[in-house]
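As written, the chains take the letters A, B, C and D, and residue 1 is the first residue of each chain.
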Amino acid sequence: MSKLKKQEKISMLRTLLTIRKFEEKTIQLYQTAKIWGYLHPYLGQEAVAVGSCAAIEKDDYIVSTHRGHGHCIAKGGDLNKMMAELLGKSTGYCKGRGGSMHIADTELGILGANGIVGGGIPISVGAGFSCKFDKKGRVTICYFGDGASNNGVFHESLNMASIFKLPIIYICENNLYGISMCSKDSVACKNIGDRASAYAMPGYVIDGSDPEEVYKTVSGAVEHARKGNGPSLIEAQAYRFTGHHPNDPAEYREKQEVEYHKTEKDPVHNYSKKLADEKIIGSEELEAMEKEIQKMVDSSVEFAEKSPEPELDKFLEEVKNI
Amino acid sequence: MREIEYREALREAVIEEMDRDPKVFLVGEDIGVYGGAFRVYKGLLDKYGPDRVVNTPISEIAIIGAGIGAALTGYRPISEIMFIDFATLAMDQIVNQAAKIRYMTGDSLNVPLVIRTQGGAGRGVAAQHSQSLEAWFYHVPGLKVVMPATPYDAKGLLKTAVREDNPVMFIEQKMIYLNKGEVPEEEYLIPFGKADIKKEGSDVTIFAYSAMVFEALKAAEQLEKEGISCEVFDPRTLVPLDEEALIESVKKTSRLVVVSEACQRGSIASDISAKVTDAAFEWLDAPIKVVAGLNTPIPYNSTLEKASTPDKKDIIDAVKGLL
Amino acid sequence: MREIEYREALREAVIEEMDRDPKVFLVGEDIGVYGGAFRVYKGLLDKYGPDRVVNTPISEIAIIGAGIGAALTGYRPISEIMFIDFATLAMDQIVNQAAKIRYMTGDSLNVPLVIRTQGGAGRGVAAQHSQSLEAWFYHVPGLKVVMPATPYDAKGLLKTAVREDNPVMFIEQKMIYLNKGEVPEEEYLIPFGKADIKKEGSDVTIFAYSAMVFEALKAAEQLEKEGISCEVFDPRTLVPLDEEALIESVKKTSRLVVVSEACQRGSIASDISAKVTDAAFEWLDAPIKVVAGLNTPIPYNSTLEKASTPDKKDIIDAVKGLL
Amino acid sequence: MSKLKKQEKISMLRTLLTIRKFEEKTIQLYQTAKIWGYLHPYLGQEAVAVGSCAAIEKDDYIVSTHRGHGHCIAKGGDLNKMMAELLGKSTGYCKGRGGSMHIADTELGILGANGIVGGGIPISVGAGFSCKFDKKGRVTICYFGDGASNNGVFHESLNMASIFKLPIIYICENNLYGISMCSKDSVACKNIGDRASAYAMPGYVIDGSDPEEVYKTVSGAVEHARKGNGPSLIEAQAYRFTGHHPNDPAEYREKQEVEYHKTEKDPVHNYSKKLADEKIIGSEELEAMEKEIQKMVDSSVEFAEKSPEPELDKFLEEVKNI
């Protein structure tokens, strides 16, 4: 595991900002009803996706969740195709068939988001088998939430991954809530990361608002996996800045708690500041970067809006082959 | 009569039954402060406390198991599966346990459990949140299947479900929670197995349940203007099914259109068609027409989504095809 | 031609495909030394080693997930669910994931996964080990459903299943594993969607699949003696279904009996009946007759068990009822 | 938790012997095809059922498994009704409808055996809620195997039992095998009992061939539960003397392993000897007891054989009301 070079840090910041701005935009579009269905913003958790994806290669796999835009962007996803998908257009990742919760990109090793909480965890086992059989040193990162960690699929999958020593990094993003249930109430033990012992794999509990901490821990787990030592479980603690979805007022949370995280634990703000303090990026450079990213995001909306809707006739034709 | 929302009707039923019987309690995800994904249980945690409104982790199979175990030991739980799509995670407990326990144990045990859930398309929530899976439960001996269309039916049938001594799948449809309808203030119950003719007619019977009742009514209204008189037959409960009333209606009209939102292949609509063919072939003046969903996962794009489930127009076309 | 057992035919198919394509591997419970509950995989662990014969814990949903994940990343796994009754524990992965991934992701991904399992009654293993649940999968867009009756069909169809780029439910029946039948030594494949007329006839078409094909053949044989000529139509794959051939057969005979071991309510038999009513009403000289299981959990007692699924006699009665 | 009195020890021995002789008989009947379907003998594990049921009261609940005859007998089940059920007779516990895997008895708090591995575990959660709500100090024992402990239901159920502090005693009978897979291979961590920490409940790993050790540990867990402190997990290590079912030659096991357990860890033999050594029971008394039990078992067979089959007409009538 190498130390992060300056360029890599800047690249992480860029991705943090990209996710942040992309998600802010999707919320706007949701509120103006250009995006519909379900939308689960990744705001507040950006550092988990960014730090972890920085620790793997393009040909490694990730398995994502219903709150998956961040993972997708961090793994290199195309903003245009993402946005077009959110608008239900034929140029979208899923040709408008999937929406927010089903984005996938084989070329980038993105094995799909998922509308089923925990639905990706068993799938990661199979990707893990592939990685093992292929003997190319590939690994799979499997993301899921604190809520998902209480589902049976977590247990079966981590047990199986462990006994077959599959090269998988299980990253539980503990953002403190399922929809409305606090993980302190839903998870019987203190830390989800401690559950690793039930599967005889290394377990970690880390600050998921710090991309470098995430990067470091995940890099270690990736090395462990590539060496053939099997899976790890990492609990990355982060916070969901919004409600569960944009229309959720989240009355089940204390204002203070929200405020604390937004002011003290904002991954994007904190990392910008850190890189500024370390003189890795100047304020003008940062501003330019933000503008550029904003432009990219805006142009993804433009791309999406200009894109054609899926054709009804084609759909009716396709259905015959399902 | 006063009009209230479908979800309010459900809430009233729950409150009345919880007040009547201390053994009734609720189990499910985000049913506490949050009040459930569609806010059916809003305010109930405050009213009844956490022992009767059990807010659970995301553990579908344990939610059903919790209901079964409590039902076996004297309680009358209502377990909630937030989307019928997630019932896929609990099928063992629903199908191998709840549905079969009474029979398998020679009536030693029984399972007075209501499983509330909702399905259907129309909200752009795509393939994993829009399924209509009632046909699965319909195919499992030992389960009652209830799918009310109106607030009135929802309340009366949910109260009956709570008092039923065997497991009930109580399946709502996500697009009709805010629909308003007449619901009396006084208590009432609706028996299982009793269909409701939502509109009388003489030329064609349209069999439709849950949200499709409204498409059928819209179709009937338009057809009326064209001089075609449709009877809209709402079974309300699919198991038990009011076959007698259905056959009677078909005998009267000699023509049947069966509507289901679910995808056509293997749908309940097909089953109804087969049943009536068997029981009333000689009364039919035309082949039974099935109007159902396309054989596709529900797409996100709203134009495609709309095209994948039946609507008024499809029903009108089917009716006209029979005449 | 040589005769081999149904389970041997399956084993040969697996061996040929594993030898042909190094990406094919097996996942399931007790498929190692034990060779699977019905010994289909006997000897394969020795032959291929633990990386290609992955013996798993009792973790049904992970068994399917393992298959899906491997399928998404270039492999061609065969996941085994020991009894179809246990598929209840894996429905999310089968229905929400495997079946929908290709569609939902706009063809970005696809899932070349075979799920082998077995169902049906007849061995006194009672309600939780005897179900016929194929109708559930039939109702899920995105799944192929294959149910071979003979060793010949089993081998040819399993080989095709392994080469199929989309998920296949390959459903066997527990009573026919030891049945022997002709299977050529040379390689062959049987395409999906191609029915097989197991016996030609002119008076009545009997649609039957899986183990019920043999009851239909026995019935046809006896009826033949009484001067009634039955055509036994075996679809072999239910999805895709060879509708064309079925309609053709019905046009020839003008009468149809549809047989399914599954309980009648919501069975595939009903669906076939509805389909044919819709497509060939004018060709029918009599209402289609459905012969299927009773609406009951399968009892342990063997007299009751026998009574709960159809046999030769029920088919004969149905055929005679049409003439 | 009281110490075992002499009479209680004798009673435990009697139950051990009853299970032993009942199961030996069922195997005979299976081999002569009087019992068909599936039969999963409890031979070798008797001490788990006996020690644990001795630690609870008649109105406490148990949730059993496919290998459930021992639990049923230990909780006071009627041998006649059990045997009649195994022979598929109308006088059986399930009127002949259920067979070996579905025996239940409400009066005795036996909430049913189960043909689904792990199928009873979620049900125990509901029984636990009842016990908690009733406030009568009742508890539920939930039995399951090492194989079942790898199923998702284990995870969801224990987590839920823990967060709601339900009075449940989870007893995992680790008989070293699922059907053919050794628990050393199927369970990722060393001891199943250690998984308790993932649910913040007490965990125990005990010798399940010793009824007194089982009794002691379960009594402690029952006390813990009755006090409102929630569930416990007990891994009771025992051994399956037969194959998975009577026709399973169990080629996946080493002869030595089988021999070791049969000679050194036979719960019935060892406990008979212990009580003899402690002079609690004399050899004549023991012999008489064995004879008496054998007679009871034999007469249950007689009862079953004489009993009528379920009536077909009645069945067809009943089916209409399912």
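Here are a few things to note about the model shown:
We take it that a contact is a pair of C-beta atoms (placed from the backbone, for glycine too) under 8 Å apart; a residue touches a chain by one contact, two chains touch by 3 or more.
Nothing here was measured: the structure is a model prediction, and the numbers come from that model.
Looking at the partners of subunit A and subunit C together, the chains they share are B, D. Per-chain Cα centroids separate subunit B from subunit D by 40 Å. Annotation: 45 Å between the Cα-based centres of subunit A and subunit D.
Between the CA-based centres of subunit A and subunit B the separation comes to 36 Å, rounded to the whole angstrom. Shared interface positions of subunit A, defined as residues touching 2 or more other chains, are 85, 94, 96-98, 102, 114-116, 119, 150-153, 156, 159, 163, 185-187, 322. Annotation for subunit C: residues touching 2 or more other chains are 56-57, 59-61, 85-86, 88-89, 92, 96, 103-104, 126-128, 141-142, 294-297, 299. Chain contacts here are complete: no pair of chains fails to touch. Against subunit D, in their complex, subunit A makes its touches with residues 150-156, 158-159, 162-163, 185-190, 194-195, 197-201.
Residues 61, 85-89, 91-92, 94-96, 99-100, 103-104, 126-128, 133, 135-136, 138-139, 141-142, 239, 262-263, 265-271, 273-275, 277-278, 281, 286-290, 294-297, 299 of subunit C touch subunit B in their complex.
Residues of subunit B that touch subunit D in their complex: 25, 51, 54, 56-57, 59-62, 64-75, 77, 92-93, 96-97, 101, 103-109, 141-142. Against subunit A, the residues of subunit B that register as touching in their complex are 29-30, 32-34, 37, 55-61, 85-86, 89, 123-129, 294-297, 299-304, 307-308.
On the subunit A side of its complex with subunit C, the touching residues are 61, 63, 85, 92-98, 102-106, 111-112, 114-116, 119, 121-134, 140, 152-153, 156-157, 159-160, 163-164, 322.
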